[in-house]
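In the two assemblies presented below, chain A is common to both, partnered first by chain B and then by chain C.
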Partner chain A sequence: MKYAAIFCLTPTLALANPQVDAAIDDHVLPRLAHLTEMTSDLVAAGCDAQAAWEDAAEAWIAVSHLRFGPTEVDNRAFALAFWPDPRGTTPKTLHGWLAEGNLDVSDASIAGRGFYAMEFLAFDEAFWEYEATCDLIGALAEDIHSNAVAIHDDWENRYAALIQEAGNDIYRDETESLQELYKAVGAGLEFMIDQRLGRPLGTFDRPRPTRAEMRRSVRSLANIATSLDSLTELAMILADDEIDSQITVFADRAHGRIAQIAALEGGADLSLVAQPADRFRVEALQQDITDIRLLLAEQLGPQLGVIEGFNSLDGD
Partner chain B sequence: MTTRRGFLAGLLAASAVPAPTWADAGAPAFLTAAQLPDGTYVLVGLDLGGVERFRIPLPERGHAAAAHPVRPEAVAFARRPGTFAIVLDCRTGGVLARLNSPDGRHFYGHGAFDPTGDLLFTTENDFERGQGRIGIWDARHGYARVGEFASHGVGPHEIRLLPDGSLVVANGGIDTHPETGREKLNLPTMRPNLSYVDLNGALLDQVEPTHHHASVRHLSVRADGSVAIGMQWQGAVHEAPALTATHRRNGPWHEMGDGGALNGYVGSIAFSGDGRQLAVTSPKSGVVQVFDADSGDLVLNHAQEDVCGVAATTFGLIVTDGQGDVQRLNAPPRKLASFDLAFDNHLVAIT
Partner chain C sequence: MRHLFLTTALTLTAPMAFAEVQTADVLATYANIAEAGYADSLATAQTLQAAVDALIADPSETNLQAAKDAWLASRVPYQQTEVYRFGNAIVDDWEGKVNAWPLDEGLIDYVDASYGGPTDENEFAALNVVANATFTLSGEDIDATDITPAFLEGQLHEADGVESNVATGYHAVEFLLWGQDLNGHGTGAGNRPWTDYGAGDDCTNGNCDRRADYLKAATDLLVSDLEWMAAQWATGGDARAEVLADDAAGLSAILTGMGSLSYGEVAGERMRLGVMLNDPEEEHSCFADNTHNDHYYDGLGVQNVYFGSYTRIDGSTVTGASLSNLVAETDAALDAEMQVKLAATLRELGEIKLAAEAGFAYDQMLEAGNADGEDLVMGGVNAFVDQTRTIERIVAVVGAGEITVEGSDSLDDPEAVFQ
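Showing the complex of A and B:
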């Protein structure tokens, strides 16, 4: 009897969920490991950082939807990615630091740190007249690498076990683990629709090509392709075969549209949003992504117990 | 044929007609914005029993409304970041005035009248500076813009009139810019607060919540001047602190409940009619929690999908949800009415 009571008090062995396991082992951890390799190369590249920055930025875009757990500790992800920046705080901060010769960035304002700040330094000539630019590129690369490593290590050593072996304070059961991953996909798709595509699109009467993400390095459209691949990879790990085949159809359509846009002048940096004849292609791409978002909300969400209500989605 | 005598008699008779009151609009007790099944939006007047008293089309999704203290006029605010509000004659559904936010400002979706109903105060964003403002509109002169003052924080959301005639403002602390829609721009450095101001904008008292990631959003005011505060957590849900608090000007900050049980999110908050209880709704967790307002003890945990609007009634509390249900919360909770509508965030009591 006594032994039985002790047995009952032992925490129940957490059951692994194959989709959660696959999401962590085949998506989160390898993509974060890739990010740390690329940020290590970025440190090694020194001031001649353009090519290494492009690889590292691409690796970041592919994990930028994973905004829970390790990315949110000590504002790590905010320090990697300060965008969108409607008031232009990043260039202002950088000009200030360069004028003062401030290179101690790890405790400084996040507006001057991370991939988006470094893009200004590496790709915008307005920042090349300062003596300290090269040193600041080096300092930002080290800061980026240390944050990327911190996120990856935290996932590997702590957080992967929490989400894979649900039955803890953060994930009470495997459904909550699945819901977290599902919400990351949804938020990533919305960010693509509203910010990565929505910002440059502006309105028909007032397109905003200079608001495109990473336009200085001409990565705006490439980021859409990278993000789409990574988000559909995670969605298809979570979804069943029937939904997978629909995701494939929608994603292929979006990739076809991306290829068409890429072939046009002003496609790679999305500046063609200002051309009335071609703008519709970017709007159509935005609709393709919206279709994926709706598909998931209507079919995958309910399977995972996520019901998106009128008020619960409002956030106000 | 109109005689001079007849004309004068008519004029006298007209001036003797009493000014319209809420009774002329069917004596509704509450206002709420809602979405119709066809995707269009309306402002609805409900009585204490949950019966519809009027329904007026809105051009876009609404958020909260402000009810004029005397006349049957409602100011319906567009959802954040809206740039307009419309003043509706609730007897006829006619538009009496339209408030356009000035250049460089947008509305946050809430407003409050002064005790006489002469002035309307609205929460606004000075978005180039990222600073909260309170706009002042003259209800006696067609709701003309007559001034503004600082909200004493960033991202002011709900504003309420206090019994002493001053105002209390929930500065949520979250910086947004219309260029980036509802994207939150300053989460690492956000500093929400609750500010008490007089009608000229002078700061009377200010208090910050215990955790700087607890965005102060929604307010309810009791007859004795106590303020109930509903907060929204901007971190991981399992780390959410208490998200319900009470405070009085120059008094201590009392927290109650478990923010985790609310999924880190309070959608609306209301004292009960007698002021002894305090209800918070969380559409994200699909629960209403009712606390003893003074002890902070949880007295009811009621599951209701997509619940959000909550208001005091003479007998207690009433809630609305995204499925169109109106429920009273007195034990046991009971459905009062059901509509083919999705009720939006707030159920505003007409006082």
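Showing the complex of A and C:
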């Protein structure tokens, strides 16, 4: 009896799972390929980087939930995205490097590298008085591009096969592959709720508009929309039609709220969190995203037969 | 949120019945270890309190060193209790009072000019309450003439809603004993002179009375906070009752604590970030240079709850039915895998500890371009991350009800297991 059960439970080695295949082929790889194209344009843009930076940052936000495997090797994703930065380390580091003319960034502190550091250089006038600013923008763009390419190549040449053909030490069976992807959606939603929305919201008595993500480039709200699209895309690849239709309803509601906020003054950079009359809209958006998170926990997780695992956001 | 979701996953299953190992016994061991761990933390904090009183009554190099030694000893049991944080709301809600980190220490006392002043994030990063008996906080006039435990926890801690305004707990006391570590990436900890607590003309850096008042208030508060937590785990305590109330929720608390501490907190927040920012202030105990021990005893704490065994500060042990026994009964290979990974983690953390104790300071390991240091720290990070994968597998086994193979419906409907 026991042997029979175990036999049934053991997945056939290297049998592809259609959801995992679709997640990699239609979500992970194309979105990472897009990131490398955008970072290549960023390198080509030179010092006049604002427009290219915006496109590349958007492409990053759309893959920022894929924090496993290739993004974690050599700490590549950390070097692309150091945020939040509660101690203001990024501007401090950049001022230091600019004052001493340091352009050798590839092994330097992550506080001065990646999309968030480059945003300061490209959008904040306080960094334009240095001679080295233009060269540092170039060096950061090169560093960003090489990390993006490394992540993409590693996925294509190594990791896609590992997760698609489960039965290895990282993914023992297809359930573990599904769990990894499911966890990525959950972690992405949590990051939106707690960080991208939660940080600027602060409390009613003490809102924190200056803590909004990428407020200097006024991308704070746009990032929510980008992330929501990408996360629901992945969730719907994993889910069946019935859950898909519920996700669509919830996501449409959130997008409607984003459109309302975008039309208001201080909406795009979320600085309206400090306006008592409009703040509730951002709180409502946060609740919309929380509803999606709960829907997935209650329905998608059980449908996939996976449990909530752990992610890097679990600390305090 | 994490705990909620894990609990949801576990409570989806039918009640578990085990042939030999009873879940209730495993949970009792878990609670007993917590009770002993917090009691040991309290006892060592009381020793610290006595040493602080002696330092204030009779300031001297010897008495400052004695207080530092007592602080270091107090960290040994406390760090082993950190594995109780994330799974137990009672602990998690309280933890910020005793072990908050990182801190903008300029809130408390004088700092070097290189520290800078107020920041975008924290207007009060350089408040220096030791030197200022009155000040304005969020528009309110504050009278800090008397530095009391109530003032520290009620008004100064997390002032202005900023988390790095840490006014209480181990790391505030650490700063008051050691002072800033101004050695950068070099060896050596903070070097506060004992005369910072000196009387009359002996007093250095001003306001020695107020500094002593602060140290006394913070230490007393630490003791009373630990008293409270020890009581939560004693017979009749709320934390114990909560863990024992429900088998699935209790197992979820154990596993949530093990996984969240391993991955998100220690591997991520405390270890990886420090090495990637190359910032010596990202050390968990940056004033005392005790970070290698912080990590090591966190790792040991995870082992303790898995093996159901804790060695107390007097050498006696608290043991009983363990999660390891429970897992082994169902899936011996998975238990073996967990044991191997826990051992690997402790070995990696041990290597960091021994290198630090032999003179290769944790600050040095964090320096940009120090490949050996990075390898040491990342060895610990990778081991923590790797053991978390196995913890997840255990959650899956417990959560999917696979532990009860006999009589399950998996024979009739293999797909059911994946639902």
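By our rule, the second predicted complex is superposed on the first by the 293 of 316 C-alpha atoms of A that agree within 3 Å, B and C clash if a C-alpha of one lies under 4 Å from a C-alpha of the other, contacts with A are read in each partner's own complex, and residues count from 1 in each chain.
Heads up, the rule we're going with is that a residue touches a chain if its C-beta (ideal position, glycine included) is under 8 Å from a C-beta of that chain, and two chains touch if they have at least 3 such contacts.
Note that the structure is a prediction, hence the values are computed from the model and not measured.
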First (chain B), second (chain C), both or neither touched by A:78: both
When both partners are placed on the shared chain, which of chain B and chain C touches more of chain A: C
Chain B versus chain C as contact partner of A:199, first or second or both or neither: first
Which of chain B and chain C A:210 touches, first, second, both or neither: second
Touching partner for A:98 - first (chain B), second (chain C), both, neither: neither
Which superposed partner A:179 touches (first chain B, second chain C, both, neither): second
Partner chain(s) touched by A:307 [first = chain B, second = chain C, both, neither]: both
Which of chain B and chain C A:69 touches, first, second, both or neither: first
Set intersection of chain A contacts, chain C complex versus chain B complex: 72, 75, 78, 86-87, 110, 170, 211, 307, 309-312, 314-316
Chain A to chain C touching residues, read off their complex: 1-2, 4-6, 8-9, 72, 75, 78-79, 82, 86-89, 107-111, 170, 172, 175-176, 179, 186, 190, 202-203, 206, 210-211, 297-298, 301-316
Parts of chain B lying in touch with chain A, wherever the complex brings them together: 35, 63, 79-80, 109, 128, 130, 157, 177, 179-183, 185, 187-188, 217, 232, 235-236, 238, 265, 267, 283-284, 286, 305-308, 321-322, 342-345
Residues on chain A engaged by chain B in the complex (per definition of touch): 68-69, 72, 75, 78, 84-87, 110, 169-170, 194-195, 198-199, 208, 211, 307, 309-312, 314-316
Touching residues on chain C, where the partner in the complex is chain A: 1-2, 5-6, 8-10, 12, 86, 95-96, 102, 104, 119-121, 138, 160-161, 163-164, 259-260, 262-266, 268-270, 272-273, 276-279, 368-369, 385, 388-389, 391-393, 395-396, 399-400, 402, 405-406, 408, 410-411, 414, 417-419
